[in-house]
Structures are given as C-alpha cells and as structure tokens.
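In the two complexes below, chain A is the common chain; its partner is chain B in one and chain C in the other.
And then the complex of A and B:
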C-alpha cells in the first residue's frame, strides 16, 4: 500500500500522553500534585463514546493495551510506514488539557512545558517525519510567550496550538502570542477543545456536538479577520484543524457580503475577507464528507482557490480519513499533489522543501 | 415597477410596535407597569447601529418621524403596492421581546398576548395580503400553549415565532408547543433574537455578529433533526428566517456524514438528515449573498432540491432585499416561481392557493 509518490504531509496526527509520563518533565511542586494528590478533571464529554475504543480506532489500540496514539513504533508501523507519510504534524491528545484549567495558571503553564519537552524527546527527535505543536496555557499569556520563546525555535516545532477560551482570538489579549508566532515562523493552529455549540453547553447527543464543530471554526475565522489580526501581523498564518473545509465557500461569500455593507465599522480591513482567508488561512480536510468528484471540484471553484486545503488523517481517532479512500476518485494529479503536500508546505514555513523524487 | 405576475409571498416583513401602543391590549396589573414604572430593557445590542436609521432603511422611516415598519399605509405604499406582493408574513420587531424577560413569566405571557391582539387588529385584519406570527413567551410553556390555542386558529396566523432561549428546541420541553403547532397548521418560525456567537456573548463588532447569524440556524436545525422532533411530530414544518440558505449544502452533507457514522446514538432517526430537512424545513433567502447565476444554481444542485427556499425582503431593515435585484439575473421562470411563491405556499398550509392569473 506504501506509495512514496504521495509526499503526504498529514496535518493532524494525535499522539497521546498519560499524565504519569509527564512527571519527569514537571518541576516541583507541580510533580507532587500529580504523584500524590487526586487529579480533578474539570470537564469531560457527557456522552458515551462513539466507538468500541472510545474516540479511537479499535485497531489503533497498542497491542499491549495502551491507548491509541501512545506508542511511537506502533504508530510508525500502522500509519507512517503503511501510508507512506512524508511528514506528519502532531496535534496531541492532552485531556484534561492545560487550557481547561481555569484556576492555577502556573500549574497549567508547567504542564504545557512538560508536554512540549516530552513531545520533543519522545516523538520529534525520534522520527524525522514528525513535526510538532507548541502547547501553551493561554490563560497566562506571559507564561505562554515564555514557553513559545523556549521551544518555538526548535526546528521541528511548526505551530502553536492556541486553546479556545472565553475570549475569541481577535482580542488584543493574544497579540503577544501572535508576535511570538511570527518571530518563530510558527502557524497558529486551531483544534476544538471546548463545546462549540449553544452558549458553550454540551448538546444532548454526541452526533450534534460533532456535526457542529465547524461552527467554532467559522466563529474564529470571522473574529480573526474582522478584528484585523492579519493586518497587524501580516506574516501570521492559521491552520484550522479537524473542522473540514466545505463550509468555506459559504463563509467567504457571507463575509464578503457583510464587508461590502459594513466595512465602515472595521476600517482597518483593506482587503476583501475572502482574500484575507485565501492568503492567511488553511483548512484541513478531515472529517471529509462523502462528495462526488463534481461537487468536490465545485467546492474549490466556489472558494476561488484549491491552495488552502490540506489533507489530514486525524489518526488515531475513530473517524480517521485514509488518503487512499477519503477523496473522490479520479482527481487529477496536480490537485492531489496540492492537497496531500504542496499546500501544507506552502503554509508551514518550517517544513523542508520537497525531496527529490527517488 | 409593480409586477402582478411575481405572486410574491414575502416571508419576512417586520412590523413594529411601540410599547405604548400595546397598552389597550394589556390587562392590569401589567398595563400600569408600562404606564407608571420604568421599563428596564434587559439586553441591547452593544454596537453603534449600522445605518443612519439604526437597523432600518433610512427611506422606510415614516414621513411623520415614526420608526420604520410602524405605519400600515406607508408600508402598503412603499412595499406591498410598489413591489406587488401577493402575500407577506409579518415577523415583528418587538424589542425588548417577551422572550428576553428571564423573570416574571406572567408579564411576558401577557405582553405576547397583547402583541398578538394588536397585530391582528391593526395589521392582519386591515390588509388581506398580510399574514401573521403568533408570539409567545416560551419560558412559560403552559402559557405559550394557551396563547397558541387562543389566537393560533385565526385564519391569518401562519406560524409560531419560537424564541431562542437556553434550551435548544429539540428538548422535550417544547413538545406541547409543537403539538399545538401541528394542531393549528402553524409552522415554527425561527428568527434570531440572541447573540448566537461565542458562548452567547456579543463579539466586538456588529459585522462579526451579523456574519455569524447562520451559525444559530445551523445549531437549531442540527438539534431539531437529531432529537427526532420530526419523527415525533411528522406534520411539523419549520421556517428558518433571516439566516440565508447558502450554508445548507454544507450542513446537509455534514449531517448525513455524521448520521452514517453515528446513527446508533439516535436510533429514532430512520431517514437521512438531508431527507428530513428537505421535507420539513424551509429557508428564507435574505440576506442573499452576491452570487453568479452558476454558483446560485449549483447551490440548489448541492441541496438536491430547489423547493425549500423562499424569498424574503426583511423590510424595513437596512439590508432589505428587493425581489427585482437580489437574485442573479436570467433565472428561468419556473425557479423564480418556486422561490417567490410556490415554496412558501407549499410550506405554510394556511396560505391561500394561487390566484387565477388576471
């Protein structure tokens, strides 16, 4: 099945940690709070998980019983070697995550640091194909900037995963983080970590919540663009992860329409919102809806570009997309090359250039 | 400009009341609270309004200075006669609305009743072209059902405007209201009345809030469908007002995909979500984004139908759509007939059948 011609850059792979593994990376006094105290998870999904292995592929559970995504050799064999990845971007599966700690910011910041160190040592420096995400506790912006300064220049760190919190990211509160992102050529990655639905509450069913994840992405794109973040930080780029992309034609058109009518309210915006999106924002494919080739191509026509969408598997989650199965059949090679590789390479400045064909 | 062949059924016209006008319809002790006390508006938009006449068309302000939408003869001349409406559905402009009263439910229920009586007397019984919406205070569901029983059988009442509150409408809490809707052949109308954005908070700019109104519609459609409302109430139909419709292809595809994967969680759903939408839910056009004819037609192709979209002007608001200007040019007559008239007629069971051509 391995296909070296794919040059796949997988923009969403979840490696998983167990908190005990972070202990060597945590300074005191924080270490003892995990070693010696009860750890209270502040929030958790109120649904029965959708699959026999929770939110994971049953066949991705490590043969010795550890959870999916927690073992590098098994991930190498099942994903990277089997599919023929050129590169993969790790996005983590830290639950509870530092960003969900609404008190005790110092501990949250220490946890994010521990996670980054663990990620670098056990993943990024163990497989040349794997690139990483800087985790931060954005509720402590000074601490977050320090952490970006500390690990952001690592050659395999390509983005900052910015947690979704009460403040939307267009808020000037986040400017120091964006400044640090620009300085270190890091993208800002968005991956949902909160219920994005009705007043932030969980709906009755997993299927509702999961259907509406793109709503959080629409909210954030709208907020970032109209707040002028990309005027203030002209090199900044965003990766919208695990929200799909088929809502983008609607969102571009709606934002352009509103901008034509209401641009006097946001005079710092000098370009059409859809132009800003096309220049600064990339969207991952997964979970890709079933579409005919015609519908798929028309979606790109309506977006006015096929250069801001990047393939992702979401391994090891239950709704994993295979690069051999998820796209409509019969796409031309140029488009496949963009989706599987070129677009991600163009957006992530720190990814190496294309290898020579063997 | 009048065009009798349009047979326009305008599914969103806002008539406006001033609270003093409701006094004759309000029983005591509620009347004296408006006459004698300070009236505290619980919430208001934190933005400067987008247009010189607030949220209204400047030319729709009544010549004697009263606010747009508050005078029937002026509306008749400027809208109904000028455009050549066959019918129009009134959706109100009640701010603060009964549904925003989070305390004192009895007063909220009395206000909704007063509004309905005022609407019937001054609008529905004064112009044969105008049809109405039953306003309710859904925070008092028994009171709401009583109100539907009281005025819902009026021959010109065609829908219940259900306020958006903390509970999404798929909640069984609303079942008595849906039962009453079915009984009286009333649609359920959704028109945003709350900030639909991030955790229910207002964003920094009007343009953000206004761009993201469809997000509230996506949330509600998803919730209604997966909660099985249309299985429990097979005659129930919904009109999604002022959210546009160009997000619908995305939403249908996403819901179908999620249903294929997760249908074991919602075993009461026996049809594909997109089939449920096509049978039970209609979407109004306004505010229609600028689209080429090709993009416009492809949007219907992706929806698999052109029979669930209905034209609306949103008169007298600033972003009013004219039936002569808002659609792409060169649409064939059959499609125009559906959008301007047939689709609304098929959804609202109480609208009269097509008049004979003059």
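And then the complex of A and C:
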C-alpha cells in the first residue's frame, strides 16, 4: 500500500470532527451546553467562497454528504491508499483557540480533552499510518499541561498543536507547555487559526487574507526565537504548518540583521537567529507557489539548508498540494527524499525510523 | 611608523576622542581598566563615525530569559547609527557575532603620550 519510492510523510492532514461526535467524551456540564443549548465556538471567518466547495476540495466531501475529512475509510481510499503514504500527521480542524473561546478556559480545555480522546480512538488507533497532535487550550497553561500529561505519552502523539491566533506563545507565561512537550518528546506544531494579520480585522477579500497568512507565521517564528524558547528548551522543535516556506530566507536575513544591531535587548539569545531556525524549526511546503526548478532550489540556497522543509498536502482543503504534481519537475532523488520523508522523520522523534532493509 | 594620537590626560576611563594616524581617521578609547585602544573611526556596517557613538556597557549574554546583567561599563563601543556593539578590549569584535570586528591599531603609552604604531 505504501509507495516505496515516495516514503511520504505528510505533515498536514486535517481530520474533522462534528460536535455530536465529541459528546460521549465530554463531561457535564459541557455536554449539556452543546446538547441542550446548541453552543458553538465563534469561528468567525467571514469567507465561504474561495473554491467550488468552500474551503474544501469538492471531491473530498464524503459521498454520503458528510463534510470533507470526517470519514476515515474515505480518507484512506482518497488519500492514504491512493498516494501511498507511509505516515500522515493529523493536524485537526477543531481548535479551542483563544479567539474562538473568549476566555472560557474551562470549556476550551474540556473540548481539547474530548477531541484528543476522539482522535485517538477513531483515527490513531484505527490506522497505523496516522499520527496525532495533542490539542490543548494553551491560553490556560496549567490546564494545557494537565492534558499533555494525560495523553502526551500516547505512542502516536507526536506534537502539541498551538494555534497562530491572537496570543504570542513565546511569552514565559506559556513556557510550562514547552517544558511538558520536551518531557514527552513532543514537538510543537503551529497552525494558523484565524490569524489577525489585517490589524486584528478581516480584509475585504479572502484572497487578501490567504495571501498574507505567512505574515502570521513570521510573527510567531520571530516571537518564539527572540523570547528564547529554544535556548531554554534545547530539545524542542517547532513545525510551522500551512504557511509555506518561501518567506523563510527573507525572515532569516531580517532577523540576523536585527540581531546584529539589537542583541543587547535579548541577551539570552546567543546564536544567530538563522542558526536557531535551522536547528529548531521546520516548515511545511503547502501551499506551494508554482516555481521553476531553479527558483525552487534558490530558496533552499538562501536558507542555507534543504533539511527544514517537509512536504504536506493539507488534505482535504481546497488548496491541497499533490505530492506527484506540486513540486517542480526534475528534482534529484536525494532532495525529493528529504522533502517527502527524511526531514519529517528527523524532526519527530516519536515517528518510527526506517527499517534497515528499506 | 608611530604617531602620538593624544596625551594620556586627554581621556578618562570610559571616554573616547577622534584623532588621526597617518591618513586614517581613528577613534582613541580609554577602557574601564585605564588602558588605551585605537580603532579606525568607521563602523564596518555602514561607515558611521564611531567616535560619535557611546562608550558604555552591555547586557551580558545570559542563560536566564528576561535577565539583564549590564556589565563592562566603559568597554563597549556602540555605533552612533545602528547601535551595533564592539568590545574594545577584545580587538573590537562585534558582540553579536565575533567573526566581525572593527579595524584596530596597536597602542602604547610613553611619557604621558598615547602612541599608535604599526
């Protein structure tokens, strides 16, 4: 079933839950708020129009009408078997993010717990290729740490998911989360939620918002590096998910430049920021810009490495990237191997290593 | 070649002044330990006149996030433009990256005079 040539480790697959599926895992009174009061998170993105089926691939809608990403057998046939994945990292779709919860930490933490239990039972333990992300309500670090302690040692949980939202997670207030991550060999996965890139508001058009998602990613990379998270937690690494990677050369150069002049403000940083990025941060490819092979390779040249980028499909979203079509043609096999599997395998300590005979 | 660039009494520890050494414009600095150091008066970044900056201290590298240990007062030359820091007692190396340094000259004191030579 696995495509032996590709050895694909897909670093961004969105499984989807519906609240009704979480009810069995939610204690009272939280269950009642959903069941009796129709409570929902305030996910307020005002755009449903980008592609023919909203923000999903039109052909990823489950044939019985359920939303894309909500059915494992259908995902298996359309993605995992069809492409020949070796592994896939689930990155969720329900996120009790600060901006969607408005300070209701208790409900946010309960939702995260329920989600983790549902993810483990219905996905991680149903398909050996799938690995998971621990959901937490990071805005409540104490509750988040409890949840990491509860499920973080599950052998198929490889990272902790933090939303790129309206909080800057490098603040020492949130460091107990990173301490718990390090303890369990979990990496940090950062994925934008509804990033406030337009002065905290929404632009007029989806195309504006979607163009500038990397701005929100840059904000978080800059924050995590200069707040010294990777100096304090030397084993910790961070996967920047769904923001692409072509902004990285710019950001490395900009951060190094700033550091030369402004080092005195952050004396706990003792390495060049670009060195910290190369050692601790990895970036998923999707959504790939269409580039020539030359342009593509130049990006790596400017980053000084080709070992911190990992291929991702972002299934089942509308801007899915095909492992067979999205990269420029004619890349040498060594580079393809790094992008499709080696870099992700080196990034996540809990992913199985390649067997000798392979 | 040697040249008197100033008198020892011209500078107190932590002070600096412009001078000349042959065709070079230089900055003569007196560090906290009383010793004199001389550098080309031109930042390696964008050529700013270093003598217009500040001889001060700097927050030391630390293992503790949020900690500022301001030390070496009088030993750190900061550029007047971008504030880049150079350690005058360590050959003018840039604090952020020791691979880079401002050009330094050899200095000796003799009979109340500060002499630059090569």
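Worth a mention:
By our rule, the second predicted complex is superposed on the first by the 337 of 358 C-alpha atoms of A that agree within 3 Å, B and C clash if a C-alpha of one lies under 4 Å from a C-alpha of the other, contacts with A are read in each partner's own complex, and residues count from 1 in each chain.
Simple rule for what comes next: a contact is a pair of C-beta atoms (placed from the backbone, for glycine too) under 8 Å apart; a residue touches a chain by one contact, two chains touch by 3 or more.
Model, not experiment: these values are computed from the prediction.
Of the two partner chains, neither chain B nor chain C is touched by A:155. Contacts of A:259 after superposition: both chain B and chain C are touched. Using the contact criterion defined above for the overlaid structures, shared-chain residue A:206 touches chain B, although it does not reach chain C.
Once the two complexes are laid over each other on the shared chain, residue contacts for A:298 go to chain B alone; chain C is not touched.
When both complexes are overlaid on chain A, the residue A:267 reaches chain C alone and has no touch with chain B.
Looking at the shared chain after the overlay, A:232 reaches chain C, while chain B stays out of its contact range.
Looking at the superposed arrangement, the partner reaching more residues of chain A, out of chain B and chain C, is B. In the superposition on chain A, contact of A:290 is made with chain B only, not with chain C. Judged by the touch definition given at the top, the superposed model places A:215 against chain B, while chain C stays out of reach. On chain A, the surface touched by chain B in one complex and the surface touched by chain C in the other have residues 227, 259-263, 265 in common. Residue ranges of chain C in contact with chain A, taken from their complex: 45, 58-69, 82-85, 94-97. If you check the complex, the residues on chain B that touch chain A are 47-48, 50, 166, 168, 170-171, 197-201, 203-208, 210-212, 214-215, 218-219, 222-223, 226-227, 244, 246-247, 249-250, 253-263, 265-266, 287, 289-291, 295, 298, 302, 319. Touching chain C in their complex are the following residues of chain A: 172, 227-228, 231-232, 259-265, 267-268, 270, 272.
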